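Scrolling down, you'll hit the structures one after another.
Next come two complexes, and both contain chain A; in the first it sits with chain B, in the second with chain C.
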Partner chain A sequence: MRVRSDRLLFYALLPFGGIVVALFALLINVLVDNSIPILEREGLNFFTSPQWRPSETPGEEFYGILAPLYGTIYTSIIAVAIALPTSVSLAVFVTDLAPPRLRELFIGLVDVMAGLPTILYGIWGALVLAPFLKDRLMDPLHTYLGFVPLFSCQPVTGYTVFTAGLILALMVVPFMTAVIREAYSRIPDTYREAVYSLGATDYEAARTLVSMIRPAILAALLLGFGRAAGETIAVSLTVGNSASISACAFTPGYTIASLIANQFANAGLYRHMTSALYAAGLILLVIGLALNTAGLYMLARWRKTRVGR
Partner chain B sequence: MDGRRLLDKLFKATVVALSVAVLLPLFHIVGTIIYEGGRTLLEGGLGFLAGPPPLGIGPALAGSAVLVVLTTLLGVPVAFLTAVLAVEYPESLVGRAAKLLSKSFVEIPTILVGVLMYTLIVVPMGSFSALAGASALAVVILPYVYTYVEEALSSIPRTYREAAFSLGLTRAKALVHVFMGIARRGIATGILIGVAKAAGETAPLLFTIGGGTQTYFRGLGAPIDAVPLLIYQYVQMPSEAYHRTAWGAALVLTLLYLAVFVAVRRAVKEVKY
Partner chain C sequence: MSIASLRRYLSLASSISRLVKPSLGGNGYAASSTYALQTVGLNVYYGGRKILDNVNLAVPRNTVFAIMGPSGSGKSTLLRVFNRLVELAPNARVEGRVLLFGRNIYDPSVDPMEVRRQVGMVFQNPNPFPHLSIYDNVALGPRLNGLARNGEELDRLVEWALRKAALWDEVRDRLHEPATRLSGGQQQRLCIARAIALKPRVLLMDEPTANLDPESSRRIEQLIVELRDDVTVVVVTHSPGQAARISDHVAFLFSGRIVEVGPTREVFTRPRSELTERFITGALG
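Take a look at the complex of A and B:
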């Protein structure tokens, strides 16, 4: 009797689990299906060409994803390069250095940052941060350090790869901090006590302890990069939305997500653009899932080690 | 002072400086929104909240409310029952797959969920709709609600489970009468987080709800506006008047978010996103 009713419950729940599985399959199916036309038309050139050329005459249309792909990677690198040292600092500060009340406050504030709707980062980034950065940071950097490739171009507006990278850094810090902090606080107390009993200063202790969670830090980096690459709204409001490939961080750029956000609605006006955008979405999904899987794998492996258990 | 001490001081100063520096933008964001949005709200008053765009956000606010309710109706049951499946039948193939995928959903860029629902709902129906938007939002909130419910259900002590079964309760009855009671806090938190996400997300709505409509709710199959989408569109307008409205809408969204955050904070110590 009980076994049979358990069965019934299982069968009743099955469709809902099925929905989740089906949604995932549908997403992949929709993206792959609609990408095929452009990939058949352009082949590998789709990935290697920096040209994004819509045209009224279908014969002249050509779409290459290289510039947005470059922009996605560039903005995400800026984001994690800033977010990584900050997240490690936050993790060490909150776990070892801060007095208990301050620690609660910091954790709470980082949580607020984590959940803040992305559009709020976006409106602030577009209307406050971008103009501020241009006048106060990018112009001076270009004037005095213009020989560095990163700062080599004169910023025309505040809407640049650099601005988007900075906004992204703010958005991934809470997320990366959570991963690093979890690992850092998992280090058994015996290790902490051992380090301090050798007479280590806080700096030496932190250096030793942080080196113990290196795989978790790498995982945070991968996961943070994945998040940054997929973020749409705040980026499309700050990155400038113009296809270009430049080493200089003060030029406007594009990311795959902001490309889709800007062009998908009007893509129907052209013969091949819609398919090109589905293919761009497919690349974005593959990047996201690959980084995420790699990151979670690193974390799982680290948890099996002596320190992480 | 010897070199080691100096290095230690330097290290601590750097760590504290970085930790504080990264929080400053948060204060500036919230501060600016309160200041700029507050001006808009004070000038516009009730007309701002209820009136039509471009000076008011009435339709967008009503649209967001409709979307949140619809999203909750669509998303929460699926997330909840999938979590039950994963916790109660952890060895089953679908249970395991659902568990893995539910968590992976967080990593799908939300704009792609919008593209998916555009393809599946907007194109066949021939029009943007509240239904398409709510479906996209439901997929976006799924992993968040799922995670909280799963955690709440699987943290029920084994002894409680055994006690329930030893009374001769079937799994379904034990779930409804015992487990859900014990896990109610976690379940409520999950739903609340889902509501906050549904109200704040923008990217899934870009190609699904149409937006920019001057009218209030006109049915599930009709276009609808939402507060985040309105902000996104008005920020990109070149005129200051639109920016004013966007700031006001941002303040409304911020207050909503902070209210949910405080409520969740009271229920559980650690908030996970």
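Take a look at the complex of A and C:
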């Protein structure tokens, strides 16, 4: 009797699970189908060319994704490079150092930040952060440290790869902190006692314990990178949206997500652009899927270890 | 200031203060006390709960001192008082005096880090750092405390500690393998080596054989007796048999109070308290 009613529930709910799988398959199908024309037309050049050239004359159209791809990776690297040390510090602070009341406040605040609509980050980034960064950080850095390739160009506006990277950092910090904090706070007390029993200072103890959760930190990094690479609205409001490939972080750039968001509305005016944007979307999907799978896999493996359990 | 230069500055500052202040391990103290550890009117509370009640003990130097008692009697807490590890619990409070070679380690002028450098600890479950190699586990303490000036010195120190812990022959060819590849008994001896590498004057052991097979336990018991020449050992055990086998002095702790303390032979042959007798004969949980 029991078994039968469970069966019933299983079949009753099965469609909902099925819907998810079907939607995912459909999504991939649409992306692939619509990407094929541009990939057949341009071949590998689609990936290796920095040119993005719409034209009224279909024969002259040419779409290369390299610049936005580069921008996606560049902004994401800036984002995790800033977010990683921040998240580790925040996790250690919240777990080890903050008094209990403050700890709850921080955890709550970080959760809220993770859930904010991304447009808010975008508006704030574009209206407040971008001009501030240009005057207070990017201009001085260029003036005094201009020999460093990263700072080698004079920022024209505040809308740059660097600004977008910083906004992305703010957006992935809560997320990465959550992953790292979970791992850090699960370290069994006996290891904490062991480090301290060796005469470690608080700083040395934290450093030793952090190195213990390195796999979880790597997972957080991959997942954070995946998030940053896919983020759209906040980036397209701050990155400057201009196709360029430069080592300098103070130039405007493009990301795949912001390219799609910006160009989709008028893509219909051109014969091949829609397909190019689908192909761009497909790349984004592959990147996101790869990073998330790798990150989740690492996390799952970590949770099976002695320390991560 | 970079982290590295900050650390260099801090270690410089601490070595200067060591020159100015006599350190805990300074020779001035060594002669002044025949006891490695002494507690005077020791009370310990977790929150409002009194865990240790007026504990008065004296541990003669270069002996093995056993603390036995049933589960929950406060043995681990007492042990953690001796290296101030008890302070890691935010709600812990310690009253009274604890003298390490004559000096009160709860005096406000005493740095707990300095205490822990002189009072090593081995835990109930073998807990080598799983992300570190055998070598790095032993080297961690010396590295944290700047005990070796160069790689060669560190190598020698690690080898010395592993020999003392009777593990060297088993691991000499696999020093850079993860510590977790070792068996439970080997891991516990590695933890002993890790503690010994700091050349502490006192070694605390919290039921070091509780989770080991009989053969590994036997080896560790033998090791404890041998270590007595280098350090004063305070070992917690819930097994009267183990206390009888390895200790010179023994204290029987019950509900946070010392019921009886004295030379092991005396306590085991002529217990003064009926409670002790019942514990020794196994009539008590």
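Going forward, the second predicted complex is superposed on the first by the 303 of 309 C-alpha atoms of A that agree within 3 Å, B and C clash if a C-alpha of one lies under 4 Å from a C-alpha of the other, contacts with A are read in each partner's own complex, and residues count from 1 in each chain.
Everything below uses one rule, namely that a contact is a pair of C-beta atoms (placed from the backbone, for glycine too) under 8 Å apart; a residue touches a chain by one contact, two chains touch by 3 or more.
Since this is a predicted model, take the numbers as computed values, not measurements.
In the superposed model, A:Thr190 lies in contact with chain C only, and not with chain B. Touch criterion met: A:Leu26 reaches chain B, while chain C stays clear of it. In the superposition on chain A, contact of A:Ala265 is made with chain B only, not with chain C. Once the two complexes are laid over each other on the shared chain, residue contacts for A:Ser211 go to chain C alone; chain B is not touched. Counting the residues of chain A touched by each of chain B and chain C gives the higher count for B.
Of the two partner chains placed by superposition, A:Leu44 touches none, neither chain B nor chain C. Of the two partner chains placed by superposition, only chain B is touched by A:Tyr121; chain C is not.
By the touch criterion stated above, A:Thr201 is placed in contact with chain B and with chain C alike. Across the superposed pair, chain B and chain C both touch chain A at residues 201, 204. Against chain A, in their complex, chain C makes its touches with residues 83, 85, 88, 113-114, 116-117, 120-121, 123, 125, 127, 129-131, 140-141, 144-145, 180, 191, 194-195, 198. By the touch criterion given at the top, residues 188, 190-201, 204, 208, 211-212, 214, 305-307 of chain A touch chain C in their complex.
Chain A meets chain B in the complex at residues 2, 5-6, 8-10, 13-14, 16-21, 23-24, 26-27, 30-31, 34, 85-86, 89-90, 92-94, 97, 106-124, 126-128, 170, 173-175, 178, 201-204, 206, 226-227, 229-233, 237, 257, 260-261, 264-265, 277-278, 281, 284-285, 288-289, 292. For chain B in complex with chain A, the touching residues are 4-5, 7-8, 10-12, 14-16, 18-19, 21-23, 25-26, 28-29, 32-33, 77-78, 81-82, 84-86, 88-89, 92, 94-95, 97-98, 101-102, 104-105, 107-113, 115-116, 118-120, 139, 142, 168, 170-172, 175, 193, 196, 199-203, 206-207, 228, 231-232, 235-236, 243, 246-247, 250, 253-254, 257-258, 261, 265, 270-273.
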